[in-house]
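Consider the two complexes below, in which chain A is the common component and chain B and chain C are the respective partners.
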Partner chain A sequence: MGFVLKRLINSIFLSFGIATIVFFLIRLLPDVSFSDIYLNPRLSEDVIQRIRASYGLDKPVLIQFLNWLKEIITGNFGFSFIYRKPVIDCIIESFAPTLTIGIPAFIFSFGFGILIGVQSARNQGKLLERTTHSLLLVLYSLPTFWLGIILILLFSYTLELFPPSGLHSLNFNEMSLIEKIYDTILHIFLPAITLGTAPMAAIARFTRNTMLKVLSQTYIKTAKAKGLDEKIIFHRHALPNALLPVVTLFGLYLPIFFAGSVVVEEIFSIPGIGKLTVDSIFQRDYPLIVGVTLFVSFIVIVGNLISDILYSILDPRIRLK
Partner chain B sequence: MKKQKKIFFVGFIITLYLIFADLITPFDPVISPDRENLSSLPPFSKAYELTFNDGGKLFVLDYRIQDSLIYYEQKFLSGKVEINKLRNVKTIFFIFGTDNLGRDVFSRTIYGGRFSLIIGILSSLFAFLIGVSIGAISGYFGGIVDKILMRVTDVFLAFPKLFLVLAVIAFTQTQTIFSIIIILSLLNWMGIARLVRAEFLRLKEMEFILAVESIGLSSFKIAIKHILPNAITPALISIPLITGDVILTESILSFLGFGIQPPTPTWGNMISEAEKSLISTWWLPIFPGILISATVLAMNWISDVSQED
Partner chain C sequence: MRINHRFPFFLFILILLIFLGCRKETRKNYIVIGSTIDIDSFNPYLSTSLFSQDLLDRVYLRLAVEQEDYKTFVPLLAKRWEWSEDSTQITFYLRNDVYWTDGVKTTAYDIEFSFKAATSPEVAWLNSEDIIRNIKSVKALNETTLVVKYHYVYPYQLTDINDIWIVPKHVYEKIPFSEWRRNGYFDKNPITNGPYKVARWERGQLIELVKNEKYFDKNYPKIKRIFVKIVPNESNLLLQFLNGEIDVLPSIPPAVAEKYENNPNIKFIKYPFLAYEYIGWNQRNPLFADKKVRQALSYGINVEYIIKVILKGNAVRSTSPFPSIFWAHNDKLKPYPYDPEKAKKLLTEAGWRDSNGDGILDKVIANKKIDFKFTLITNAENQTRKEIATAIQNDLSKLGIKMEIQVFEFNTFMRYILDKNFDAVLSGWRVATKPDLTIIFHSEAIKSGHNIVSYSNPIFDKLNDSAAVLNDLSRAKVIWDKVQEIIYEDQPYTFLYEPVRINGINKRIKSETVRMNSISFLYNLHEWELK
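For the complex of A and B:
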């Protein structure tokens, strides 16, 4: 338990560090959020000062920082300029579409990745395996946005199998439940594939390599020398040990799937965290930028924590280090 | 030896390309010779450049000669000209087609890759320098310095990378190659720092270090002369990986409109422009995309080859 606690405390410090950096980064950058107001010639210096004071911008930076930190800890992330509602509401609303894409992509990349990786290790050296291995490197190198565009071109415009954008059809509300599910699956398919392809290739290659490493261990040789069946060796002795490091990838890949992909959401017009990110940056919406950054970093930290904890459960030796 | 040959080969091609890219572009990548008549031609299109005696030029898609007259076909018009006015006919090819402003996609793709490559290579080199410095300082001093630097590294690692790039670029409002290189190198040094630090700690305990210590060499000299060269070797492998990663990030930036601005072509902003007219000009996104993939693939492959024994 001490290990997990230590990691947890570490994560809290990390979050604090990120919050600090975000705050000072935003303050260091030129203050443009009120530039429109400043430009208005009818505003006197006095009024501008009062506007700044209403946002607490007249106080020393350190006081601002402490106030801000207090608000963050109590869960108040401020008020978004562009959406005119609390930042936390914007994030929660955007999180649902991100999850709708992220979960299928997560299942796709880990399912296929592990499957391909294990099969590759089993058939190592054969022509098909070598081709797959090279092909996976190609898939890993494809730029996500290009893959998305090519998939849209191919499956939406040419073959007309899947809709090119959005999460629902226009008449979504009039559909029956089964039609709704079907419609959503159609809309999710291309973005999920786009998001999941590169991680899938990485996971497959990683699984293959760890699997091969395990298969060359002496205890596998011992098992073989004992005369055990190849299948049993593979499934009972090699597989669990090889999948150990793969499981830690769950945590490390969490942000890719659940922190919102800017690119995929932009291409497929999905109103998720990634789109919120771009919008907040384009519109210079300070509270929203800070909120989204903290949220995304939070997911990264949670991901790291999960992978640490999973590893310590599956491989108790880690805890002693 | 074979491994080094492979890596050398890729490096050689990239260098050649960076030097000679201007010479192999057949057309101006930014300005079209004839915007109206050459726009949106599919790949492998042929066109003719008719030069007249008075120096005027005409771009036509097809022509035939009949009774001392030249009948020509353009994209929207057709017409005829007396043959004795004509000085020269040149056939021109657009192997990748042309975009909706009549620019040759092949020239743009060739030209656009230079920025991606320069940004990728320089950023990864800077990132390497930063990473090695921080990792070496951390490993050499140890103790509190090490703790602080590693926490900083952790914070940088937990940051959403693309997000930070976007934020900094959007707020500083500078999109020069130089600023993009600086930002991207500031976001990619963490892995190298960790690697170098770990190597430093490992090498400190090695017997050959004990040997030079016993000769009486100062600890600073040991660190610089004996530990550092050995510590950076494993980190070298990550340079091509970072290069590939940076090229991808740069293309995403250009794609989102935060990178180098049109009309200067980069692979990313070419694809971004192509997305607007995907149905009518399907060939526009294909070639820059293939080249990004090929470049990143080459980088990944170099590091793959270097890792093999």
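For the complex of A and C:
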């Protein structure tokens, strides 16, 4: 427990470090915050300064940073210029859609990835396995934006099976609960597949490789020599050992699913963390940029922590220190 | 590979989904408008994009409706209006039967308040400049009488007062002006008075407008429910339009429109847009300080090719800062023809020749030999501009001019332009419906304004100033013609083309009921009808 706590505290400081760097880096870009007022040619410098001052942007960057630090300690993440509400609210509101896509994608990629990987290892060298292996490489290398559009073209445009964008239908509010759930599932399908395909392929290939490595170990040979049933060898001796490194991927892949994918969210019009990040950067919404960075880096760090914890639980030889 | 025993289960789920998914929606009694961007806010003073304005105009009423000739106005919130003897004052008599969606009556006091908001430096409304300069006061005498006083007499007195968004005083005054930009209050429950009211706004997803039951004209709107679906990805948006999920798609690229011209379910509505695309030559840069050079560049760019090949003919050649459909446009000006020989000759006259045989023109300026090399900047979001930039690069290389292209994200691009930190810029202006070139070409606008190319010509300044305030439009036209001749001669910009806007509608909508124009693509949305 002590270890986890230590790591968590560490991770908070690390997130802050990252946010601090971003805080200063973003100010190296041309300042276009409140671009609309800059477009007003006769607006006096005085008024622009007053508006900037109301957001504390008139002060030197260092002072702004100290103010930000002070606010953060009291739990205030600042106020978004473009959404005109607290940064924390923006992040919470955007996190829900990201999760809605992320969780199914997570289940899909690990479920299918492990399944295909294990089956591939078992059938190594057969024609079907070799084909699958190459196919996975193709899936892994497909650009997400291309895959997304192709899926829409196929499943929404041609076959009209799944809705092409958004998280629910236009008449969502008039639906019964069952219909609502069903409607949401339909909407989640394509973006979740798009988001999960590349990781799924990577996980499948990874699982296959670790599985093969384990199957060539001497203790498996020993088991075979003992005359143990193939199934028992496979399921009881090989599988748990082979899945060990796969489980560590859980943590590493966490950010892919839960930190918001810019591309998938753009294609399928999902107002998630990815879209929030892009909008905040394009409009130089400084408090939001820093807030989102803080959030995303925290997810990455927590993901790593989960990896480590899972590893120690599954492999008694490794103890957290 | 052995088929897994769970496989039939997955197959079953998939088939189930497919069957359920096949239920097609029954006949829709609403329409869906597609957009790549969301609106900024339902507070019209904070909402600056063109799309926001088009949409907000459907939920907020103005005093009058500007007509497609950009000169006349038809009564709306104002039943009628009277001019004072000396024309420095207009008295508006308002309708007595207009209510905000919360039941409070829309009165002259709302307009008086709106004027304060429009001119408040704290609100910093984008269009406040003209209002502040021209309108002296707006005063409500009683609930239905409004008096507007002007500093002087000029032709666009109605245009200016009609530009003011009328917002509900009893709601908006709860938040002080200085807090407007920091407050999400206005977006929570928008109180409006137009034919439509806001039923739902899911940021970045959709907007739902429904018929406003309190609207004074009970015959409208004809279509009672409108959805705006926000899909940032253009390919996805187009597929949904072709599929019938989206009924109205604004701003379709010419190449796409050409491809689907024969689709039986959709109709394209094309109309000239009050806008033009240009290349601005930064005259602070010694390369472009000489008028002869700028003329040469205009002769050296094959605009006809750009229109024919890149825009598929969906554009009109531009010759002046007033588009050809606008009354102030000088019809006598003919576009600079593509004439590379003449361009070369002009460049030679201006002292540019290839003295070292490296294929690039050079000239000694301030005791230093410089090559004719520069960078053209444009914004990344606009695919057409990027293609045009490449065509121009090709044309100029034939003259011995080396042009680099640099593409920026829109906001950064604007920053570079406004800071005048560029050599040449490929961009466009949308033209206001009242002629005034002060902001873009007046020498005063170099310091504070949009004279981004730092063009300066005292004769132009004088003529422009006199024409802008002339109340007799036919006399003003004579001066505007002269002003355009000066611009034509000086070529501070190379005027490229006036775009033709292409919007698509599904044929479910009766196209004869649809009017789209440069003022708004949803100009008469409340009159649209379904088949």
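The working rule: the second predicted complex is superposed on the first by the 263 of 321 C-alpha atoms of A that agree within 3 Å, B and C clash if a C-alpha of one lies under 4 Å from a C-alpha of the other, contacts with A are read in each partner's own complex, and residues count from 1 in each chain.
Heads up, the rule we're going with is that contacts are C-beta pairs under 8 Å (C-beta built on N, C-alpha and C of every residue); 3 or more make two chains touch, one makes a residue touch a chain.
Just so we're clear, the structure is a prediction, and the values are computed from it rather than from any experiment.
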According to the contact criterion defined above, which of chain B and chain C contacts more residues of chain A? C
Looking at the overlay, does A:137 come into contact with chain B only (first), chain C only (second), both, or neither? first
With the two structures laid over each other on chain A, which partner does A:25 touch: chain B (first), chain C (second), both, or neither? first
Which holds for A:124: it touches chain B only (first), chain C only (second), both, or neither? neither
Go through the superposed model and pick first if A:146 touches only chain B, second if only chain C, both, or neither. first
Examine A:222 and indicate which partner it touches, taking first as chain B and second as chain C; both and neither are also allowed. neither
Quick check for you: in the superposed arrangement, does A:165 touch first (chain B), second (chain C), both or neither? second
Once the shared chain is lined up, is A:289 touching chain B (first), chain C (second), both, or neither of them? first
Just chain B (first), just chain C (second), both, or neither: which does A:17 touch? first
Looking at the overlay, does A:266 come into contact with chain B only (first), chain C only (second), both, or neither? both
Which parts of chain A are in contact with chain B and also with chain C? 29-30, 32, 149, 152-153, 157, 266-267, 282, 284
Would you tell me which residues of chain C are touching chain A in their complex? 1-2, 4, 17-18, 20-22, 24, 30, 32, 40-41, 48, 121-122, 124-129, 132-133, 178, 181-184, 187, 200, 202-206, 208, 227, 229-233, 235-236, 239-240, 242-243, 245, 409-412, 414-416, 418, 439, 445, 448-450
Using the touch rule from the top, collect the residues of chain A that touch chain B in their complex. 13-14, 17-18, 21, 25, 29-30, 32, 137-138, 140-146, 149-150, 152-153, 157, 255, 259, 262-263, 266-267, 277-278, 281-282, 284, 289, 292-293, 296-297, 300-301, 304
Could you pull out which chain B residues touch chain A in their complex? 151-152, 154-155, 157-160, 162-164, 166-168, 170-172, 244, 248, 251-252, 255-256, 271, 274-275, 278-279, 282, 285-286, 288-289, 292-294, 296-297, 300-301, 304
Mind listing the chain A positions that touch chain C in their complex? 29-32, 35-44, 46-48, 50-51, 54-55, 79, 81-85, 93, 115, 119-120, 123, 126, 128-129, 132, 149, 152-153, 156-157, 160-162, 164-167, 170, 173, 182, 185-186, 189, 266-269, 271, 275, 282-284
